[in-house]
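Below you will find the structure I want to go over with you.
Naming follows writing order (A, B, C and D), and every chain is counted from residue 1.
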Amino acid sequence: MDSRRAESFSDGVFAVAITILVFNLLTVGSTTSQLTWDFLGSKWPSYFAYVVSFLTIGIMWVNHHGMFAQVSRVNRQLLLLNLLLLLGIVALPFPTALVAEHLINSMPPSATVAVVLYGINMIVISVVFGSTWLYLAWHAGGLGGTPLLRRLNWSTLRFTAGNVAYVGGTLIAAFLSPIAGLIIFGLTGLYYVFEHLPGATAEDADSAGESGA
Amino acid sequence: MDSRRAESFSDGVFAVAITILVFNLLTVGSTTSQLTWDFLGSKWPSYFAYVVSFLTIGIMWVNHHGMFAQVSRVNRQLLLLNLLLLLGIVALPFPTALVAEHLINSMPPSATVAVVLYGINMIVISVVFGSTWLYLAWHAGGLGGTPLLRRLNWSTLRFTAGNVAYVGGTLIAAFLSPIAGLIIFGLTGLYYVFEHLPGATAEDADSAGESGA
Amino acid sequence: MDSRRAESFSDGVFAVAITILVFNLLTVGSTTSQLTWDFLGSKWPSYFAYVVSFLTIGIMWVNHHGMFAQVSRVNRQLLLLNLLLLLGIVALPFPTALVAEHLINSMPPSATVAVVLYGINMIVISVVFGSTWLYLAWHAGGLGGTPLLRRLNWSTLRFTAGNVAYVGGTLIAAFLSPIAGLIIFGLTGLYYVFEHLPGATAEDADSAGESGA
Amino acid sequence: MDSRRAESFSDGVFAVAITILVFNLLTVGSTTSQLTWDFLGSKWPSYFAYVVSFLTIGIMWVNHHGMFAQVSRVNRQLLLLNLLLLLGIVALPFPTALVAEHLINSMPPSATVAVVLYGINMIVISVVFGSTWLYLAWHAGGLGGTPLLRRLNWSTLRFTAGNVAYVGGTLIAAFLSPIAGLIIFGLTGLYYVFEHLPGATAEDADSAGESGA
């Protein structure tokens, strides 16, 4: 199966998921009869969770892009791994809403439960993304791409690093501070902005530079 | 009419439908002032219905893909069958919400009504999908594909099997146990993960293998 | 500007608009603690409005498709007319929600107001669609298509017919019966299922038949 | 990386963002048990904010289109600027909801706060759009396009004009009248309907005219 339609469907899901994050904000204004800067400021967990989730889904999309640019075809196994990845992405607005609602001003253990569930969602996404990448790297030769084996060690390492940060953030949220955990998730997103998929986008950039008009 | 734009529109509808399933979860957190694991656990019907519907729409998309890959053009009849199929897909979040809300903790016959309606939606989708496939298989020659007549018996059989499972699950929900019915819908989704459209994706895989770089 | 991206953006808007119609149904289940067939049956205006709007947006998409298949480029005027058309399409879930809420069981003039507003939205869509079609037919030669002037009279007539039905339904809703008006909107949608854009899809079908593999 | 998938993802986000603006209207009908024209008329801030935001996102999409038509590849920097732009676009339904809710009938400073936040969102979008355009114009040569340097002065000027209008509208909303500020945002949108990206669409139109069939 041509990888183009899988990418277009995934693009659609990423686009909708990233956009509906704003729903957590839409009802903010209807809970008060007097809108003040103080009131809006008191809702900072909503904006914070919104930005971290937006960043995470956005970066995931960029890397998803880089990953599927390696192959020209997808098989059923890859489609199903991709579907599992999208299941994780699409679920993210749920813990985002929990964090927005319960990070502050709720009785313990509300904040902890919300951020830990958020972290578990992050870990699931990151493990499924890693698995999809390993599967794709392993089978790239049969899917119209070039074998990516020599890059495997480095990519394994990097994804492990990501997983470690998500696991670490989740543990910190569970035992120390939910807010600190959330900050770690945000920083991990920022880390992935600068550190990127080896092979995928790096090579793209190279070849783009060489063949540039 | 080129089949590409029909696919891109369908992709969009599938992508939005699969993503808005999460709306049934978004309000979970706002119904409590104290978020605990027990509270989140008590909402398992929401997650269960969410995953079954996600799986169903996801698999439908994969098979829709395989189906339209057979032809390069669509005619008005096919567009309308496709629109009817999308009507069924797009409606699915509605019974999903009913199941999430009423599977447990509601007075009888709430759970039964919710799961039976869910099953009826599944049956409608599966009948329309089957009809679309039969129409497409019959007219593939005139739509830029190869005639698929010799595969027809097998595909008819397989779709009948799917329909039977949805009908069976609905009957079991109606007369025995709503939860058992819901489990059958989930298992049917899993069955379609492994058992797939004859001709469509199988042939794709073959030709991909042969023409693989 | 290449017409492809305008089509892909329009497809996205149509896909989202047609899918979010289901939001009017999502909260149905949460308004009762006991779900019965009678209760679900009493919500028939919601389903009726849902199906009429789905049909209308779906048919609009099919005809939008046929219209833009005539040209290979779009200019700024066409983009803006298209944006105006999308504004009308995207607004449709609003009167749909009003009809679902107020067609029955609300004090007069609730039902009348809801269906008349629905009809006004239909009229606006149909007038903008007609204008877009006229503009496109007139300028097709300069946009990479063939001049469509000789088809103009017939298409003008047909669009006038559609407009007349929407105006008639709105007047009937205003002075006789809101439900009768709604039925007329639904029948008009069905009429457009069978009666279609002259030139556009008819010619497609012809050339598809001639060049068919 | 091919610019096509970045455009398709952006199209999806624009399409969803422009469509979910209607959510602010969906609940209007459920707040009254008697629907009258007076009641609907009293909700004019909702429609006004809806149209201004629709116009703004629609025009942004048209200009986004013109901008990315200049290049055939995107690099990571451009993807991230684009992601930041989408973050601004996707957030717009939030201040739109605040304006719809609080422009009239709320205690001061509700209306001022809502419109000023709306204006700040506009300013952020317009600054990020300007930066993205400058980056793209500067690097077009390396991204498969032609250098756009000689057009830079004019485009800088024009974007400055837009920024000035948004800043002016925000200041007027803060110190004089929120409604006047909102009108200025709407007029700025209309201004961009007629005044457009130099180089981008103008050149498209020229070359389209020259190579027109």
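Quick note on the criterion: contacts are C-beta pairs under 8 Å (C-beta built on N, C-alpha and C of every residue); 3 or more make two chains touch, one makes a residue touch a chain.
None of the values given here were measured: they were computed from a predicted structure.
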Homomeric contact subunit C-subunit D: same or different residue positions, threshold half: different
Subunit A on subunit B, rotation in degrees - Cα superposition, rounded to nearest 5: 90
Chain centre separation in whole Å, for subunit C relative to subunit B (CA means): 26
Gap in Å, rounded to a whole number, between the CA centres of subunit D and subunit B: 36
Residues of subunit B engaged with two or more neighbouring chains: 8, 11-12, 15-16, 20, 23
Residues of subunit D touching subunit C in the complex: 7-8, 11-12, 14-16, 18-23, 25-30, 33-37, 40, 50-51, 54, 58, 61-62, 65-66, 69, 193, 196, 201, 204-205, 208-209, 212-213
Subunit B to subunit C touching residues, read off their complex: 1-2, 5-6, 8-9, 11-13, 15-17, 20, 23-24, 72-73, 75-76, 79-80, 83, 86-87, 90-91, 93-94, 97-98, 101-102, 106-107, 109-110, 113-114, 117, 141-145
